[in-house]
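Before any comments, here is the structure.
Chain naming follows the written order as A, B, C and D, and within any one chain the residues start at number 1.
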Amino acid sequence: MATITDPVVRAHKREVIEKAVLRFCGDSGDGMQITGSQFTNTVALYGNDLATFPDYPAEIRAPAGTLPGVSGFQIQFSSADVFTPGDAVDVLVAMNPAALRTNIKDLKPNGILIVNSDAFTDGDLRKADLTTNPLEDSSLDAYRLFPVGLERLTRTALQDLGLDAKSMDRCKNFFALGMCYWLYNRTMDLTYKWIEDKFKTKALLVEANKLAMRAGYNYCEATEAFQVSYEIPPAKLTPGTYRNLSGNQALAIGFVAASQKAGLPLFLGSYPITPASDILHELSMYKNFGVMTFQAEDEIAAITSAIGASYSGALALTTTSGPGMALKTEAMGLAVAVELPLVICDIQRGGPSTGLPTKTEQADLLQAMFGRNSEAPIPILAPSTPGDCFWVAVEACRIALKYMVPVIILSDGYLANGAEPWRIPKIDEIPGIKVKFATDPNGFHPYSRDPNTLARPWAIPGTLGLEHRIGGIEKQDVTGNINYEPLNHEKMVRLRAAKVEAVTQDIPDLVPAGDPDGDLLIVAWGSTYGAITAGMKTMRAKGHRIGHVHLRHLNPMARNLGELLGRYRHVLVPEMNLGQLSMLLRAKFLVDVQGYNKIQGQPFKQSEIEAKIEEILG
Amino acid sequence: MATITDPVVRAHKREVIEKAVLRFCGDSGDGMQITGSQFTNTVALYGNDLATFPDYPAEIRAPAGTLPGVSGFQIQFSSADVFTPGDAVDVLVAMNPAALRTNIKDLKPNGILIVNSDAFTDGDLRKADLTTNPLEDSSLDAYRLFPVGLERLTRTALQDLGLDAKSMDRCKNFFALGMCYWLYNRTMDLTYKWIEDKFKTKALLVEANKLAMRAGYNYCEATEAFQVSYEIPPAKLTPGTYRNLSGNQALAIGFVAASQKAGLPLFLGSYPITPASDILHELSMYKNFGVMTFQAEDEIAAITSAIGASYSGALALTTTSGPGMALKTEAMGLAVAVELPLVICDIQRGGPSTGLPTKTEQADLLQAMFGRNSEAPIPILAPSTPGDCFWVAVEACRIALKYMVPVIILSDGYLANGAEPWRIPKIDEIPGIKVKFATDPNGFHPYSRDPNTLARPWAIPGTLGLEHRIGGIEKQDVTGNINYEPLNHEKMVRLRAAKVEAVTQDIPDLVPAGDPDGDLLIVAWGSTYGAITAGMKTMRAKGHRIGHVHLRHLNPMARNLGELLGRYRHVLVPEMNLGQLSMLLRAKFLVDVQGYNKIQGQPFKQSEIEAKIEEILG
Amino acid sequence: MTTASIPVLTKKDFQTDQEVRWCPGCGDYAILSAVQSVFPELGIPREKFVVISGIGCSSRFPYYMNTFGFHTIHGRGPAVATGVKITHPELEVWLATGDGDSLAIGGNHTIHMLRRNVGIKVLMFNNKIYGLTKGQYSPTSEFGKKTKSTPYGTADRPFNPLGLVIGADTSFVARSVDVFQGHLKDTLKKAAAHKGSAYVEILQNCNIFNDGAWFELTEKEARSEHVVQLENGKPLIYGKNRDKGIRLNGMELEVVHLGNGNGLTEKDILVHDEHHPNPAYAFLLAQMEEKPGFPTPIGVLRSWDRDRYEDVMSKQIQDVIAKRGPGDLAKLLSAGDTWEVR
Amino acid sequence: MTTASIPVLTKKDFQTDQEVRWCPGCGDYAILSAVQSVFPELGIPREKFVVISGIGCSSRFPYYMNTFGFHTIHGRGPAVATGVKITHPELEVWLATGDGDSLAIGGNHTIHMLRRNVGIKVLMFNNKIYGLTKGQYSPTSEFGKKTKSTPYGTADRPFNPLGLVIGADTSFVARSVDVFQGHLKDTLKKAAAHKGSAYVEILQNCNIFNDGAWFELTEKEARSEHVVQLENGKPLIYGKNRDKGIRLNGMELEVVHLGNGNGLTEKDILVHDEHHPNPAYAFLLAQMEEKPGFPTPIGVLRSWDRDRYEDVMSKQIQDVIAKRGPGDLAKLLSAGDTWEVR
């Protein structure tokens, strides 16, 4: 097998820049997600800060070359802090006309446009509903267009391997990747390594993909296609060891961490659903941590099996997305009634109903708050970045176990699939979780309560002398016996509410980012964090006095929120829904907050936030 | 068979009074519900206004004689308007110690207490956790106690029939009923008739029950147990023909009426659940109206079968209570997405989870509003009295068919089982319902819209040339084709919301009962109507300026509600939950409404409302 | 093993202080009594018992058993029990359920639990009616039955409950009757002895809403003519004078008379094999009750050993730990490509 | 009867303008093509066809059929279809579903629809995997299978789908294969001809997440050795040289070789009777695929006529109307005891 070494880098113009936004787009079959994550890992390991945004259709593979079939992967990387994948794109790699057509609008004027010119036959154009060839009409004049015959060039590079045409063409994304590595002066080693163990059994494919990538790199080197290449120095992140982490991965390892900290086995009851399935996939690999993953027959069995696991002393978990969340609501009520710990993850997606399975949204907040029969309050947490998912997972488990309550985590598709560099914490940076099972029969009562947390004892089957019965019917406080008395019912309803309210004692006061008072307070939650942070930064630079509080705890809320709302002239609540947090804030604090509601299955752009602030503060 | 005639009424003191409150209570096996409804029908036919409150345990039959086994039936009847079953009781009939113990607290001082003294053996007392015999200790001195050996007397009356003791004892409730008929000077004819066709096949039982009732009547007559009997003249109700109607019956015939008015077959998909099952039972009898009742395997099949029926052109309906409602939420989202007409009845009961199946509550409002994934708005209506259930059923169907939307009706256990005299409307008093199926293929699009209602066309299978596809995935407006485009999604989300909002055009402005402005506005919904109306009356008599608006339309709300809130110094919102309507009003109008929240599985008492008003207005 | 020293348990040890809230005369009392007398004989410490249920009259069962008990929600008992059993395979988990709870709303969880062969013992109280909700028809109510929800009779054929669960490949399938105390206790003991899932249909009388549903089988006179007891290795003979038997003819069963001169004798009769490798055999037996003129078989129709879900799962975990050692959190957190920032 | 004048329909009439969004090479294409060519041959006006589905790759089916179509939610297709069929028994309702949609989340609705014998034709695309969600195991995935959600292999035995639905007393049960176009069309026509519920399992290849799941059956060479075609009234003979057969021995099936001197001939072979009154026969056939060394039977396992739910229901309505006359609203409103107020 030919040994491969990076070409000696010839002298050519290099520019040092602060940041860049790059997007790969092509057919679902073109491997854009792989290409993107390879580039991401390389950039991450080099030490840039970054944020990514994979965006693909709900179909496994829509027909090749068609508009609905287009899949994209965007990354922003920088030597400074990065909060979003970026609004507009510096470099766009388009594998076919459909991809070009649906993505070109996001390319900056005079931006670099790399196009696979081999994919522009009349047939290809027709599939993209194009009547003229954009490479020929002048529609792309505003950009620095680089038409590259990716198929032709790749085939040439691989001609000696004796692969069939189809297999050779499958390598063309690595050719494009190689070009981008050259463009940003990155080593290909990491991807070489990845290719090697990805195809370990297929030596020929290993070589083919490596060759293709290298050919792409050399192509730039040789042809000097681009007069200039770019260098983006490492970012000054908090010192530590870093890895690149997606939101779903972060949740998964967060739960494992919590189970280790609590000394409890982890049980996941789940039914696959986009975009939550990866948590199930991830956790099913951690058997050596004693993790039990149960793929149930449906979402109801998923949560009820988790309730059974919790009843018998496991750290129990169920993961899903909107439609599955709707199916779990009756069982959530049971968890509230029997007061057992349970963590419910809802990785939100576009709705209603089946809606937009692969697109992001924040419209399950009110379902999480109220989507159960009768009064059945549940604490709710929301992570703000992919890495934050880890910490929220741990915190949710801690609360569930401390207060003996179900807890809901609201993540979303954008956090789930997006990735960012994550500083790996030392084990002792992770909060300890104390758990005490009841063991003493003396004076044991299933519904006696801890005075501070109002938690009832956790008395698991198998414990000598603690035999007792629980259920979903209303029960007498302390004894837990079935009870229909009017005053007992009111007492229990208020107790269950007080228990959730008690969580406030664990919630630190909110400290606004930016200005502690002034013109505008932005209150938000979840994955809007990055865009808001970035947008606020620019607007404060323009002299506006703006604060930002991002709610990790949505129910109950931090004690000082009401007071904060009073410190600013305006309150803005950007959400990817029709105003759900807005409603909660208005009802609770009687403050006329303004909603900024985008519900397009797409995250906010930094520029949108800036424009909105501009509109309010003029 | 001995012919039975009412005894010649001997001269004895008769008092004419305005109203009375009577309660029968005994063991679940004592037939208190039958006794109560017999008495109800008799006073109804006589022309009194009335309200009833049946109250029984969740178990079919708890062990005889025990406290959890007690079942009760209360009625208030009057020559004036009646709004509630009454707070305190004038006459209490207690069949055993357990019943006496759990009900005595509601008897007015010096009230009449009829007790079955044959049921006070030590064994009976023990079952009721009583150590002394209340008939002997002086605990009942505050009342006019009439200990009657119901078993003994009944057996004597029936001795010649050759029935076994058990069967004879089963008639003792009719003995008690007879006594009450005497006490209020009512004819027994109606009950005679009822007994005859109830037991038609069992001549012996017919005679036995008739004899027992008559014996009770004669007992009072002969013994002159009570020195005085009472007369309550007919009430001055709006002229017309009346019948006595419970909330669930009213819903059932309301739906039949709507289907007749719309000229559509009625389809009910349902799964039995207390307290909603009676609607299924009722509708399953109306086959000659072409009503299709499908008892599904669960609540999800119940609603989805109804969606299928609606898709193919039926007036579709599903009925349930809280836990079943929770299970239907995913499917409700589908109905919203495919924009098909559907009526969903939630007969609310105590929760959370299984909770208090036979007790009433109003805690599903927020579930109805928000209990679905993503933004899936649905109009919500709530009846305020048993008879009003009829009109709300018709209105819900009208809205569903006019706007092509699912509609939720929130009734509750108190309305469902409570009864009141209902003026039977003329057919043409019932609003007509226009329905037009699409038939013309020219320019047909499944998601084209009516400019006023935003309704899409209803094109049912079997219609030549209108073949088309619908589904829960996001779709393009007009064409209905699958579509993931950001702006189309936002457009559709806002369209679905606008469609529900459009219903406001059909909602009449609210006109407050009582004062049009002043000290206090009471805003409420559902079954609290009676207690509030009665309570407000007394408090206004004391000179307070009070208004009352009772929301039939909870989503969307009447246009002028916000303006009304401003006309009073205080706004009070009494609810049988922890403040759900309060929250909606606060969020929508930023008005500091006060909640009055009772959550005991029991309706508000008039006196409670009065006390609360007193507390606010001092 | 805690079983080292088991206190001697009695029926009383399994009774609770809660008053039993079933109607007087309900068949559930008999079932409760049978279970309470069988549990102490199993040689299992009381704290190891978990009794789980859904919703229904039958599902009130756990409140009356002095063990760990969980009265869950309608139809979901099998899934809750599965969570318990996976987490603690050593627990003795029993599920009390009704024909509605188990076969209507809970049908899917039931067949999946049985397919997985989770080691749970199911007591399905079949009274052919919804009792707690006061008398609607159930998936086992006979075709055409008039009930509160079907005043003109049902329009659908009932499930054959045992046929259905055999179709789901249930490893232990049996039937008994509330009032046949001896047989019931026997059957429960066999279910307890089985390692995997056990599904026991218990014919139960609801004397309030479906009185006499099983009259033919329970009524003293007719009983022996309408019931055939399945005993492993014994021929299917029944009748007051044991003069009737079941014969296998091709793929059909037929009722034959013995010793009435037709030359047929005991050796012509089908000999019961509860361990028959082919589920089609048990399935054939399950069809009997449907066939006019046939007796209803009671006893164990099928008993077949196969891996339990929870065992395979814990073995996977043990194997991985044995191979890779117990998980190391620090390693997990820093898995994959990492880099240092100074 | 609208069938009076049926326009002659062609395959094209059943194709839509929506581009088909399945992976290149997916078995679903073949199934779509078969259905599109069978429908025009049924002599039913196009507007009478309703194609309903749940969620999954397979459930995208309705979008590609130019009939009335409803892509519902995951697992609920059978219930939606039931609502349609009850409301309009004259419609021709077909249900497209997958092994996950039909047997995981939709299992309960499926068995209840089949028990009721609602006249719905089910096409169950069995690719033994969750395709749309990218490759988790399904209730039909083989024991021990490694998938995205089971990297160490599954811990549960799969359903035998046909065994399960026979256990639910399904009146028509058949199996075919995506790539056997002729056989598939044939089977679909038989399903269409059946009055009640028809459950057709179609073995389908998901070339992305479970490629070759049915290789043994479809691969040219081995095919005839691993598949036995069920034809009513014909013996179960198979093999490249039709030298193998299935024999019934007591309650067991066995594979025997013909004409290799062992004296066995065609008449020793089990003759297929799809109308066999006892479902145990079809159940026995359904067990074959599980048994090592046995071929997989394709074709109609069971076809048995019984009342359709929707027919019984509409007859009840007609009878009551015939007896009492159509409902009179005024009468209904003033039913029971009434009184006048003046």
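What we mean here is this: a residue touches a chain if its C-beta (ideal position, glycine included) is under 8 Å from a C-beta of that chain, and two chains touch if they have at least 3 such contacts.
None of these values were measured; they are calculated from a predicted model.
Undergrad: More contacting C-beta pairs: B-D or A-D?
TA: By the number of C-beta pairs in contact, the winner is B-D.
Undergrad: Among all chains, whose Cα centre is located farthest from the one for chain D?
TA: Most distant chain from chain D: B.
Undergrad: Measuring centre to centre with CA averages, how many angstrom lie between chain B and chain C?
TA: Roughly 39 Å, centre to centre.
Undergrad: Please compute the C-alpha centroid of chain B, do the same for chain D, then give the distance between them in whole Å.
TA: 45
Undergrad: If you average the CA atoms of chain C and of chain D, how many Å lie between those two points?
TA: 29
Undergrad: Would you give the residues of chain B that are in contact with at least 2 other chains, written as numbers and ranges?
TA: Residues 68, 287, 297-298, 323, 330, 334, 338, 353-354, 471-473, 482 of chain B each touch two or more of the other chains.
Undergrad: Got the chain C residues that touch at least 2 other chains?
TA: 55, 71, 73, 105, 107-108, 112, 139, 152, 313, 316, 320
Undergrad: Give every residue of chain D touching chain B within the complex, in rising order.
TA: 16, 18, 45-50, 52, 55, 62-63, 65-73, 76, 78-88, 90-91, 108-109, 112, 313, 316-317, 320-321, 324-327, 329-330, 332-342
Undergrad: In the complex of these two chains, what residues of chain A are touching chain D?
TA: Going through chain A, the ones touching chain D are 29, 59-64, 66, 68-69, 271-274, 277, 280-281, 284-285, 287, 293, 295, 297-299, 323, 353-354.
Undergrad: Tell me, which parts of chain B touch chain A in their complex?
TA: 57-58, 68, 321-323, 325-327, 329-330, 333-334, 336-338, 348, 350-359, 361, 363-364, 366-367, 369-376, 471-474, 482, 484, 486-487, 489-490, 493-494, 496-497, 577-578, 583-584, 586-588, 590-592, 598-602
Undergrad: Would you pull the chain A residues touching chain C in the complex into a rising list?
TA: It is residues 41, 44-47, 190, 234, 236-244, 253, 256-257, 260, 265, 267, 269, 286-292, 294, 296-298, 300-302, 304-314, 316, 330-331, 334, 338, 423-425, 427, 461-473, 481-482 of chain A that touch chain C.
Undergrad: Name, in rising order, each residue of chain D that touches chain C in their complex.
TA: It comes out as residues 104-105, 107-108, 111-112, 115-117, 139, 152-153, 155-160, 163-169, 248, 250-252, 276, 278-281, 283-284, 287, 306-307, 309, 312-313, 316, 319-320.
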